[in-house]
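Per-chain residue numbering starts at 1, and chain names A, B and C are given in the order in which the chains are listed.
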Amino acid sequence: MNRILVLFCMTWIALLPSVGMAQIDGEFVKPRTGKFLLKNATVVTVTKGTLSNASVLLENGKIIGVGASLPSEGAEIIDCSGLFIYPGMIDGGTRLGLVEVSSVPETVDYSDVGNVTPNMQALTTVNPNSEAIGVTRVSGVTTVLTVPSGGLFPGTAALINLNGYTPDQMYGGFKAVAMTFPSSGRRGRFDRRSEEDIKEDGEKALKEANEIWDNAKSYLELKKSGAELSYFPEMEQLSKVLSGELPLLIEVNAASDILSAIQWVEGKNIKVIFTGVAEGWRVAEQIAKAKIPVVTGPVQDLPTRQSDRYDTPYANAGKLAKAGVKVALRTDEEENVRNLPFHAAFAAAYGLGKEEAWKAVTINPAEIFGVADQYGSVEVGKKANLIVSTGDPFETRSQILHVFIDGYRIPLSNRHIRLYQEFLERSPGLKAN
Amino acid sequence: MMIFGWVMQVSWAQSDPSGKRRVTSSFAITNATVIKSPGDIGSKATVLFKDGIITGIGAGLSIPKDAKVISGDSLFVYPAFIDGGSNIGISEPMDDESTKDFNSSNPPDELAGITPWRMATDFYSSASNEVDEWRKVGFAMSQVIPEGGMLPGKTALVSLGDPKNIAIIQANVAMAANFRGSRGMYPGTVAGVMAKFRDVYQNSILALEHEKLFASVAGVKRPQTTPTQLAMAPVVQKQLPILFTANSELEARRAISLQKELGFKLILTGLENYESVIDLIKSSGTSVMIKLQVPDDKAIKSQKEEGVTEATKAQYARVKEAYDQSLKQAANLEKAGVSFGFSTLDTKASNVHKALSTMIANGLSEKAALAALTTNPASVLGISRIAGTLEKGKLANLILTTEPLFKESSQIKHVIVDGYVFDYEVKKKSNSAPNSSATPENSENSVEGVWDYVSETPAGSSGGEITIKKENGVLGGSISYDDPAGSGKASAPIKNVTVTGKNLKFEFDVSAGGMSFTVTVSGEVNGKSMEGTLSLPQMGSFPFNATLSSPSQLN
Amino acid sequence: MKKLFYLLLAFFGLGCNFSQAQVQKGSVLIKNATVLTVTKGNLESADVLVQNGIITQIGKNITAPTGVQAIDATGKYLMPGIIDAHSHVALDVVNEASAPITSEVRMKDVVNPFEIGIYRALAGGVTVSHAMHGSANVVGGQNATLKHRWGAKDPADIIMQDAPRTIKFALGENPTRVHGRGNGIQPRSRMGVEAVIRNGFNEALQYKKAWETYAAAKNTKGNTLTPPAYNERLQTLADILDGKIIIHCHSYRADEIYMLINVAKDFNIKKLVFQHTNEGFKVAPEIAEYTMGASVFADWWAYKMEVYYSTAFNAAILQRNGAITSINSDSAELIRHLYHEAAKTQRYGGLTDDEALAMITINPAKQLGIEDKVGSIEVGKQADLVIFDSHPLSSYAVPQMTFVDGIKYFDVVADKDDQRQLVSATEMVEPIFLRANEEAHRCMQDVEIFLDAFDVAFLKEKH
């Protein structure tokens, strides 16, 4: 039996109260909070270096101590000798919780009808019980930005912690309005538009975006002047971007579009985050100069052009960082957000370096999203989002042994794991009847 | 230039109130430079043809009395072109309606683009504009391919001649084939097409076996040969070649691999990119008709020199390299020793001259180019006996050009198809001299120098040089012209040269056949060009244009 | 020596068919690498000698024969070329989606050696891929096993000519959607899928018999029997029944996997591999007992209903139950890091290094019937090799060089960036393809026409 299974079993036996109800067998392990002392680990704080033989004390959802000798009174002690503690990872762009089975339209909720729907709230539709959430968090990804997509202003993204029974319990304190910047790229193999048509479509879309922007500007100005405006939820939400209340997440990927987006943003005096930025490496200097932070990914992706070197998507984050851009990573995934550490590893191996790669999935997204006081490192006072692993969590051979989200100790189980437990040694095995 | 004396003939028993019927089917092109076949350097000769057949070529041939003479002076005569594969004049078959029990996984052949029984002749119209367009650029014959799916039908060889004539030369030349699937049914893709092709082929063989057995043994069940199998019989018996349209290297390979597998006779047509299959074409002995087209140079021309990154420059270089390589393909085909023809499928007639001159500029020999337009397709199509070169007894399909065929400025003045003469307008040359320094103030001086002229006469255009100079205060000089006797240029002094304002007028004497005429030329001079008329007594006036090619430096 | 070898080849006609004559073979000595043989353990600081495309010696202190280049791989890892048992790279057509059975269709007819995906796969250490027909049909076309000889212009030069025939089958949502729901013909249900397969095999038996009867009668005196219609579709199915073709069956749910095992038993079919097999873990003992195993994704799930009840521990469960298990890509993107996909079996189920590496080398080789030629570093095998800078199961591993038949086709340092073989002479601006990941999944390419608009909108080009 392998290590991980042993660990599951140990956890189960320890927690198993005797249950004697008919039709129900065994016990469900729930997330639970309390005071925990994670003892004698190597603590990778990300922001304050790596501490050997250090402990981390958690209480009331917060990290209340990081150091060599911490008081253990009242705390459940978890021996972490030989283990590593990292901050929980943050995925800067996903559709987690917004979709259950992507080919079944009834379960797809990240996109609504209309081109300008900034009032659509991702947080509303997050399904706290999505199977994908349980599958994701055991990988060490504890927090994600979940983003609507589709039209020009598809909706408002929300930062969520991967624990909780209601969206509000999950909410991580950051929202932003998403924008799909008019694109000069092809949407896929079936996009057979001529070069002229693509250009024309792009210009038309930008013109429309400007008109809508002007509309929102008028809305804000009139509102500020105390005018009684008729109900217009789209403009209401968009005006929050103009007023600086909400940042704008601009999805932009082709190099020329990135340059237009930089130009478009100029003088608007709004908070902007670029997302995607697949061809960012081509214009890294300009992005750095514009001081716009970037959430890039997926890292494991194909080059955008046939002529591009095979590893351009792997190397993109590294090149952006080298140019001075603040970079966070994303998977842009729904069910496989769990691969974030591996995307980070590829970025690390192809130029970003391990240390920067760690920042790109912890403190950088926290800073970009303005929640660095709560997230992104193992520091006293921050939210107790952290993981304990047997080694570098970016390596597939490492096992994540404990996950804490919001101070809750998360049971290391989900449907994938339960199926493993049931079917590894199926009974009956091979026999008819 | 002097020959306007067309022979009046006794009228036929039938009248033609339109007045358009030609009066004779006998013609003589006199004193032209005749290039009989690819590689021929050309020599002055007279070409005689009657009833659509060349009846004689050579110097010093006597001109039959019934022959209408076309002055070939200064013109070049070539065999007319043969198009190895086109859809000139072809209309699409009507869409078939789906049958009631249509099953997309097993549609009837007709819906699935398998219509080998169809014949291009049924869809060809000689009155189509395309016929005139292509004839105008020199084509007298074309193998026309029916429209349709993977096996659209049989090609035909047609004459791009007078619409009143029967165009079909040969009805079943080849079986056309495409790698084109049928939308929404089997076979839908090139993968399906290849599988279905094998199926059709093998079952056509079996159908023949069945028929053979039925014919010789009693008690054999009646054969139920399908129209497809029936039509494919000559293909599987290797009597009728397959004409596969293959644009790319991969398509060419696919066609050749089917050929190797099944053994049919194969001709490839419409080849656009074939650099990497040249060796295979050569080793497999496949006949090919390459697309008479060169790639658009828009992308090359739009490449900027400045303000672009190194990466963009590298990309440009790749496109340029691809472009250059594409232009050299024909030359490389020649170098490999492959005889090829041209196909005009999906090309424009107006681009032909450019395509040819570009291929030649990139290494294709003029000989090979002409062969690809004439003898090679004739050979592949099995019509070398009647077409491809200028020889006595062959079809009177020829073209007359103002200059050697592949010269940039060369223009086609006549195309003769089946002995019918089609005249085309020849644009005047605008070879204005460099450093124009004409002084219009002194109009008299401005006419001095050497002029090139062209005169349009019913027999065609003719030209030469005029030298005007002032001697002892009097304007005089000489003119050269195509000798009516048919031996190159003759020359005569000009007289009575007068300049009145912008008008220049002069005369000269010409003798022909023991007679002497005085020719009058008059026209308006503007800078270095002159537009006017050339008049012959009792014959009328004809357009005359001249350009001062080297103004006199004496003043 | 070399000349003699060729003479011998020619004399005995050993594999010297038309297309192989073109294939380049190389000689090279790779020195001081950590050699991960996969089948025979790991060798520290060992040398591997390749001569004329074949591994001829493995050991220490081998000296390079004259004319053979030596590559110093000190501190680096050498493993067998990665084999992808499920790919659609280098195919011009993926689905002939027009009929529920299209066994006559051959992917070898539509191989495109110019596709950049081949080079990108090489850059991920993949030397052999199984270019499969798509999953639109219950019985799809015959697949092509490719060797990634990048730069070849003739498709025949990248087809592994000595690999056995394989064919694509597909169960579940895709064929029922395309044919039943899209086109109103069977199958519309998993019952129908079984019926289509059984009908096909039974017809094939009749077909075979008809030809046997005809062949026997043909030359007898006074024969009145005429040849039956030629039908490559049925002939191919008959070839499957005769054990000449390996079935590679797209499948997800346990019930349908079990169904095909039963069909295979009924028709005495032994050569059967399951592809994707997301619920293979539920019938792992049956797969292990009756089939050539399963080729699975490392972690794909939930993109459609039939993969919702999946587990990333699938490969580990199959492996532990004794099924031959491989990890495949089915994607132009994933094929570039199969070493990493295989490594996920260590996260999800704790497989050993050798077990994990076997899933992208010797195991897929077994499933493709080429395990005697490739899939491990052994003397006598074809020299398909990859050098990594660190252990290939590390997430930080970067492939350095990839060899096929001893010829180096990828070099992380020496290769130029722009690897396109075909460049359009008329292209003003190179197209930019965003969301390229969607491009990568081509299992359902070429089927749009057969689906209604609603389905197309949700066809995310995943399987």
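Going forward, a contact is a pair of C-beta atoms (placed from the backbone, for glycine too) under 8 Å apart; a residue touches a chain by one contact, two chains touch by 3 or more.
No experiment lies behind these values; they were computed from the predicted model shown.
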Two chains sharing the most contacts, counting C-beta pairs only: A-C
Central chain (distance from its CA mean to the mean of all protein CA atoms): C
Inter-centroid spacing, chain C versus chain A (mean Cα positions, whole Å): 34
Between chain C and chain B, distance of the C-alpha-averaged centres to the nearest whole Å: 51
Between chain B and chain A, distance of the C-alpha-averaged centres to the nearest whole Å: 66
Touching two or more other chains - residues of chain A: 307
Shared-contact residues (touching 2 or more other chains) in chain B: 315, 318
Residues of chain C touching at least two other chains: 418, 420, 428, 430
Chain C-touching residues of chain B, taken from the complex the two chains share: 103-106, 183-192, 194-195, 198-199, 202-203, 206, 209-210, 213-214, 217-221, 223, 249-250, 253-254, 257, 273, 276-277, 280, 295-296, 298-300, 302, 314-315, 318-319, 321-323, 325-326
In the complex, chain A residues that touch chain C: 2-4, 100-105, 108, 131-132, 135, 183-190, 195, 253-254, 276, 278-279, 298, 300-311, 334-336, 338-339, 341-342, 345-346, 348-350, 354, 394-399, 415-417, 419-420, 423-426, 429-430
Residue ranges of chain C in contact with chain A within the complex: 116, 119-120, 123, 173, 281-282, 284-286, 288-289, 299-305, 308-313, 316-317, 320-321, 332-334, 336-337, 340, 343-344, 346-350, 393-398, 417-420, 428-440, 445, 448, 454, 458, 460, 462
Residue numbers on chain C that touch chain B, as the complex places them: 92-93, 95-100, 102, 104-107, 109-110, 112, 114, 133, 141, 153-155, 179, 183, 185, 222-224, 226-232, 418, 420, 422-428, 430, 446, 449-450
